[in-house]
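Paired with subunit B in one complex and with subunit C in the other, subunit A is shared by the two complexes that follow.
Right, the complex of A and B next:
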């Protein structure tokens, strides 16, 4: 829906090149090969299954693949990939379908590799703080597995996503400010390329905490969104579960005051775990949705991790800083029940935003700018929203300079959809103009390919295209994502 | 009052594992399978530790009956805040036949030996689903019991327990010493943190055998066979044409074949 009219026309042209029936007939010829590799149960042509695997949680419409396969091990993934390579079928890896940029849509049809049956936690090394997992393991499942060890994997993008999928989209989350994103926390990957070759990006079974051995292949695939290979194992860096946590909330008279506080807290060396910003529109929505009564002004939600003693120091420092910036109503809590109550507004933000206009859908924008630019971009964005009569409460990972407008839009109103689409393009360009990026954590997917070109510039895009050509010369891996179709 | 609470913790197959039956149908595959503390036992430990943090009781003792590996479960309890552990060693055939009756005899003996004020157990174990050990322990000791607890409050020498029952919630007040069994909503167990796991290594676990407590482990039960639940059949489409009373000929046959009509009849005439 938010693709814009020119994109849609381009896609329709692609579809008409190979008609539906011709493509299906070609796929049919390979079905027996798929069945002999994955078993009778491991291949599905059912419409419901294909539709389920053709969409994620973005606003992009469903684009079902021609067939869904369910491989059980990396050897099966490789064998099926070889068949696809022989027949020139597009290959689309699928984890949990919780992406936000249409990354799993089978724009040119093809074979969806649903990796959910590969669901083992392999090789946990407690003393080394690392673990290797298969694509079917989600982040909550891993943390439940680890609960007796005192370790956890802190990257938390909100959804219960596949960890390999999180690696593929370079996911991030609310505690990236302290624990980093996937880029900093993936030590090694096992990847199957378009021709079935199995690659271990840091060497098979290797898991040193740091290395300077050769090209950084691991981080080449992190964030590649399935366009360079299928991730079948990821080795992750683990952290100790914090001994104690304290949550706090503080209201500010302006966005500037909130961001200034954030910068100063970071500068003072407080190892803050989460620092989330909600604007006045969002706080108002949360008040209504959860029957709270927070002051309707820019608000920061903070979370501190550490030992009992260090927490006291952290909270005191943070409180002093917020007060010196005009912050008020500073509340904090240590026990889980009160902490959850304090953070309830932030947790329910998505639903609170949707509740502003029942019957409408919510779409999250995602840009990231240097911290110093955050007040200006938020102020300009709010003006843009008001000028164009759009509903877009703002929630942000302000410690990273990353914020989301939760656009609440009527899916049956094409005029409003168009206004939202133009708004998101302006927002992305505004971020680019401030030395930022058009996507802080959601990825490029289908909708931001043109913006990626603007962000990186022609030369860098050419380098990326060169890498893509080297690893996937037939352009079978998740076509039409990240990089635009090259105009020959 | 001694201020001492005994908490039973059982080592079971982890709840997230897909259970497989042994090919000879003699039992479940346990070799190489991930084990962890029974979730209801985690809730029991959490409640005991909370009582200690509120200074309402003085000492939490974690007890587990089983082979050497049960000590890992006790260590987890210690990492969550229990003060010391007791490992009652039961191995081999005795362990395979270990059930609520024997465990309750062990818990009763330990309660007397340790002069316990309160015993907190999980309401049931997720492997056998018996839901008997708490009740049997209370009966052997002739102590009051507050089972399926979703709230526990110590009030002097009494305990107020809010119980989850079919009709809703029932609040009872019982004298101590007493047995309480923990239900799901009693609390949310804490994660064991690394510093606490390190500290737990220094806490003591006493070893003993059931014979030391004068307990006879002979089981009155014999497991004959273990089978997986029947595979789910595909749904059967039947002809429409009225309710169980009046279908077309062909429809009736379909429904009878799938047993649905018999089922409906049983429901109608009250045999189900």
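Right, the complex of A and C next:
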């Protein structure tokens, strides 16, 4: 009962309810409404469930929601949202909890909408290269579903995130240099607004590959991190699975040489599918973790997609370019087993980083700069890490100018957490000073709200706040995320 | 003086001014302010100038603005906008007037902002593949500027439109299947809002290749057709000029065979750069106009970009696919002269269509559907044209499912204009019934506002109206375009 009471105390903060007795009655009535909408099993007040739904993979402080609901269809999402709207309860959408900037923390308490029970792949149109999925479908689940169709969805942020969550955070990852980010691959969204209204951003069921019909609502919701609405369906572009893939790895004498190779490979028109940078610290960690013996120097992992013949040419061109920049001989691999072995180091980077300091937690921070600025920012960042006694191996989607420091931090050491916090701020400001952004793909969440203001300036923030106010005048949708509370 | 008076009568309609004398004084004071901001030469009341700035290349009725201003920099745009805002004068941005849905007509009178004097290419960053341009820079001017850099900007709507205008209308065209539309290629915008505020959608000077920092303001303004703000700068992605290009043309026994070939070429992973469909009527018109002798059957024009070796493979794959669908032998060409000759038919399609009925005007209407629906919609549309005695050869960016009917119409025959109007509505509704859109690349303007409502439904339109109200509460920015005036 204690939990129920705690829960009630939280919900009771809602603005529309005055006296203690009335509050209690409102909460009881709301819970009863949730249960009648989602079923008895579809509403949870359990501490463990609330705890699990209030945190992501970041080190941002967890604040659990007051209650977690598990709607089974958009109508239930809409009905629960209407109840929340009536009582001014905050609404927090939850996919897989794999975010990295505290986007699912219930800063003001409220109702977490866990969307895992909506897990259907809908409306696959093979000939049109599109599919619609519910929010419980993860990218791996979709690709498993597509296995026999010759099609795949290439956006790959690493984590097996939900595709609607990936839309909400504008995710991207290793394949973005070839296939784009979620922004380029979402054709339509079904969204439930704060008041329960169901909106189809490009019109219900529509899926043309391009459109200029009205404002681009789809891309307003992509990357809005749950602050404008709950994404309950996303229609995605699919791609033909390439005939062949070749992977390669190459070591360089310097960061500059690795980045110069990247720029030249892009300039040469090689349609590279992945081009990933790992710094010496990262490679060293990978060697230790996976018992490998790559040279401990800046390294590129590459992947080429295409026909057998075109791959040969792509690989040759890339190899010539890397060698002219002092790169080692390519190690390359065509068969899946050797390719997987080659990429193992990159795929295990997170765990390899974490293993550098057993008992510590890895936390990835991300920035993105114009390509030409990469060598300088990486060199400066490595110096900063050294000076401040921080462990932060660097891995990056270097073809986009996007990279991460995998901070390995003792979560129980407030002094170190503070140093990491100051470091991530300096890193972001370094990116901003180079015409870049404080986040290329992780989003703003709780962690980068102040940096967002520095990045965009007052007028752009005001415009964003105006849009937020227009769509969510009561500020119920994932409050305190992306935009900071205005001081009134 | 008559013109001045006419002009004054129009401007005088502004809501904030009551008495006749005060109105006159307000207009005089506004004109005087415009002149002091833009210079004496920077303000025109001349009938011919106003007329020219009130129309585009459509058949929508022209309504000239009351005055045309020619600002020279963003500060002047902002200052003029502030004067307009103070007096409730409508604001209509004008690039090159090459639009196709009446987007520049001054429906409620007001001030046309002709941006041709802001024609500088700014901040070319070759190594980062980006450039920033002012609104007077057209796509051909930019590509001429880039000639010696090895880079180009591929989005090509046909007309030599201004790049900021192309951003405003979310233009695309023949290369979109490979390089995307303006939505995928604009990195940042400088926009002047209705009240004169200057906003940088991704933060001033920022140009990372990807970002997830806050709401996607850039893509909210891309395609907003001047109804949310005036685009005064756009930062664009550039691409390396391909090592080689090969063009090809192939005839088919049916629309289905041409479209099947397109789908299979896309599925095969051939990175086709252009794949353009022309129906039998269009090819016939091209033959007549350019003294060519292509078979009068559904035809594909194709273009391949890449390295010498990869092109051979691309062409072979495409040729195999077309032949398996009953296509004729490829006519293909590698050297620029033969390529240009081959593409001449496609490039001259507009004039060829117009020449079918001397003295008439060509008017292009556009829709976009999922690829698999193309054969059916094209066949039905051709029947509709026949039944309704209309001349409308079909040309399309078939790799995107996007096609146009080039309506050839007597602009002085109201009955025929009415028939064309009814036809374009039926065509759009046919696209909507197939999960498509009423406009793939021309935009909504004046012509497709009612269809937009059918396409998106009431709630999406309301969301768009809410965004419009948030950014332009006085409804001054290009009023009556995209969204229809609400009945209060």
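Keep this in mind: the second predicted complex is superposed on the first by the 458 of 488 C-alpha atoms of A that agree within 3 Å, B and C clash if a C-alpha of one lies under 4 Å from a C-alpha of the other, contacts with A are read in each partner's own complex, and residues count from 1 in each chain.
The working rule: a contact is a pair of C-beta atoms (placed from the backbone, for glycine too) under 8 Å apart; a residue touches a chain by one contact, two chains touch by 3 or more.
A quick note: this is a predicted structure, and the numbers were derived from the prediction, not measured.
Legend: residue contacts after superposition of the two complexes on their common chain; A:184 is shown touching subunit C, with no touch to subunit B.
In the superposition on chain A, A:199 makes contact with subunit C only, not with subunit B.
In the superposition on chain A, A:336 contacts subunit B only, with no contact to subunit C.
Put subunit B and subunit C next to each other and count what each touches on subunit A; the higher total goes to C. Within the superposed three-chain model, A:292 lies out of touch with both subunit B and subunit C [touch as defined at top].
In the superposition on chain A, A:242 makes contact with both subunit B and subunit C.
By the document's definition of touching, neither partner reaches A:73: not subunit B, not subunit C.
By the touch criterion stated above, A:31 is placed in contact with neither subunit B nor subunit C.
In the superposition on chain A, A:150 contacts both subunit B and subunit C. By the touch criterion defined above, A:422 reaches neither subunit B nor subunit C. Counting contacts as defined above, subunit A residues 150, 240, 242-243, 307 meet subunit B in one complex and subunit C in the other. Subunit A contributes residues 141, 144-145, 147-152, 240-243, 307, 336 to its touches with subunit B in the complex. On the side of subunit B, the complex with subunit A involves touching residues 14, 16, 34, 36-37, 76, 79, 188, 191-197. On subunit C, the positions that touch subunit A within their shared complex are 125, 127-130, 150, 169-172, 176, 180-181, 183-184, 193, 197-217, 219-220, 222-224, 228, 240, 242-243, 263, 266-269, 271, 305-307, 309-310, 313, 317, 368-373, 400-402, 431-432, 435-444, 448, 452, 455-457, 459-461, 463-464, 466-471, 482-483.
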